[in-house]
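Below is one structure, written out as structure tokens; comments come after it.
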């Protein structure tokens, strides 16, 4: 004030006029400003509310920074702090800092993703390894029954809250799906979230496949799963190993169902009507192999089956392995299997490889020519 | 000789003199710009480069989302900081300095209306801020561009086996969605608009305070109030909570007199992937124009008859 | 002053008071001052520090407004910005943008005077030539000496071809050689018919260049008139000789002694009589006297 007075001797009337101008125009701008604020709020630019609890979460400087237009930067700083706390295995701090980053910038999906990851994977895994070294039963019980589940829940709740904030993004529903699939072993819920995630615009294609995988694990939902899996198998660009296995497993399920609920005659009737349905041939073959142990009839059925171009390639493997059961044809079958293995090794499951190994030893294939060198596992 | 002899001169003066001359304003603006440039303010670009390259190098162990976000946060943070400092300190440094050094005498004793001087100074500062922001943006965008391509290459490298074209394009889409995008320009514009209002605030303050330090401090206080005012309203007077009439009155006065600078903070949202509709950008630009006009006008009211 | 007299500058009953912070009374800087300057005249405004010279000039140039009274430049009120179109001003101890070169400084002020780009180029060279600064044309003002700054200030004041030039202490702090250069420039302006108002406390210089002089003391114009009439002592005659030998001087003395009623008051080198007058009018206090008390 002294500087003001000393500095210049100007008319106080002009100060009053200036204040009057500011007040009058201030009244004019306020509706425009609050309208703009509302629009910003609607567009998700005002998610963070600097209230009492926000003030308590942040340091003084961070709070001022967050108000002063550096909210995103402050969030990044807390992200780094969380990372540091993670390195120190200070899970309480990790949780606290993750809460700050997510509340400062709730529309940045990665914040939620990292928060869920730190809780449901990192903290969870830390306590699980701790439990392995614990001799104290009470402590063990506390870790396994209280701490570990609580971190799973924390991770899940971060992910679920994040999914609410980022409805456009595939990410958080995917994380929830991951938690249900990998931590809770709940394929039903996992498949639901993966499906949700796969519907987002930016979703990578593997999420839909993860959905199919989880769906294929759901007991009692085989019909639905088969629709999804066979569509992916026949129409998708990528035929992953999991997809092949799921396809084979689901088809085997339907084959078993057919075999159990139909007599051989009924199956034969069916195949006449539905010539293109290769599964029925498999059912017939299974029937012959099961009750009558008639390999040649089963081979006949497979011979019909593999004529169908729609039949997945693993039937050719089944067919060849079946032929190999007859020692007379073992060598011919091995030739077929060898070609198959060299061109599409993916169609061989672990059990198939064991069988292949057996065939190789039956035929006394020299070691350097063997397809399966040592262990069958791949 | 009689007094009538002055008439030709009088008439000549009146016809020659233009009430508002853009060329005079530009002369003052460009002079201000030149002055600041020759004060070597652009050395700050070195600091800026170090900051963003540092942000780039230091955080290599993080996910690409974090990496790209930190790069953007540091860049936008530095841009906001530099733009605001240039606006406030530049204005506070130059106008009181002109008064102190009496350089102003030689300018105002030319046929230059005082508001032209004020507008010229303001434009000069804004021009400097704009040029700095453009230079910083070029640096920032270039680093971001190279980083996102670098990240893409690294991520592909880390994939098991031969990634399919589909995988690569999906990854690319994911990375680039958080990398260089048009939306960032809106962020830079918003940073500029806020700095422009800050410069206009400093202009008003410098017309009644001749000391540089006083101008800077008062302007910074107003700048801070401008950021906190809308929040202070919520903070101290939550909705539905009835408070004393006096407190409400004070809060109202603050909201009326001070600009709401919080409105310009859209960078946080932009970094987290939101987009600002053009209509909102127009609103912000309009609001800035309004503030520039009012504050220029008020500073002229204060400055027009100031005894120098 | 009669209304009918030709005027470049007319100041009528000018009073300027400044409020004193936290006090009721006000400081009177200029008290009912009137003066006029005719076109083509070189007018010297002299007075001790704080007498109101600068305040009067500031009012004339519109830097401050009069509390009462009026001031016009070529018939146009000083409060009008347009009146500055005919004025060039050199402030006391001028300080320009030290980041600009000499040429840029002139060009900048030329633009403010509304000159065209092409005209500015010519005018810059012309003025730098005039004030003998062509050599420092592209040097920044930060490296200028005080005398050079004063001269670039003068060039700046002349850039718009003013009809009135106001110089506030044009030789303050300038060495004798520089001071002489400035004096020569003022004489050139006078030759071109440009009206000049200058304030100075170097009375010798004022005496050398001014047609008329006004003495300001405590805000009042205490004496004003043509230099000749102001410093003339009517009953005395001064003979100034050059290369006079002692023989000649003895002859003259003898001649004087022969005349009845004529006395030789003093002989020797001429002295600044203006200074005497100045000291008398401003209370007779010289620096030495003040130091003793």
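As written, the chain order gives the labels A, B and C, with residue 1 at the start of each chain.
Please note the rule applied: a residue touches a chain if its C-beta (ideal position, glycine included) is under 8 Å from a C-beta of that chain, and two chains touch if they have at least 3 such contacts.
Note that the structure is predicted; figures quoted are calculated from it, not measured.
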Most central chain, Cα average position: B
Pair of chains with maximal C-beta contact number: A-B
Between chain A and chain B, centroid-to-centroid distance (C-alpha), Å: 45
Chain A and chain C: spacing of chain centres that average the CA atoms, whole Å: 90
Chain C residues counted as touching two or more neighbouring chains: 18
Overlap residues in chain B, where contacts from two or more other chains coincide: 305, 307
Per-residue multi-chain contacts in chain A, two or more chains: 9
Parts of chain B lying in touch with chain A, wherever the complex brings them together: 59, 62-63, 65-66, 69-70, 72-74, 76-77, 80, 164, 166-167, 170-171, 173-174, 177, 194, 204, 208-211, 214, 224, 227-228, 230-231, 234-235, 238, 255-257, 259-269, 271-274, 276-277, 279-280, 283-284, 287, 290, 294, 297-298, 301-302, 304-307
Parts of chain C lying in touch with chain B, wherever the complex brings them together: 3-7, 18, 38-39, 58, 61-65, 74-76, 81-91, 93-97, 99-100, 104, 108-109, 111-114, 153, 156-157, 160, 163, 166
Touching residues on chain A, where the partner in the complex is chain B: 3-4, 7-11, 14-15, 17-19, 21-23, 25-27, 29-30, 32-33, 36-37, 39-40, 43-45, 49-52, 64, 67-73, 75-76, 79-80, 83, 104-105, 107-110, 114, 202, 204-205, 237-238
Partner chain C, residues of chain B touching it in the complex: 1-3, 5-7, 9-10, 13-14, 16-18, 21, 23-24, 27-28, 31, 34-35, 38-39, 101-103, 105-114, 305, 307-308
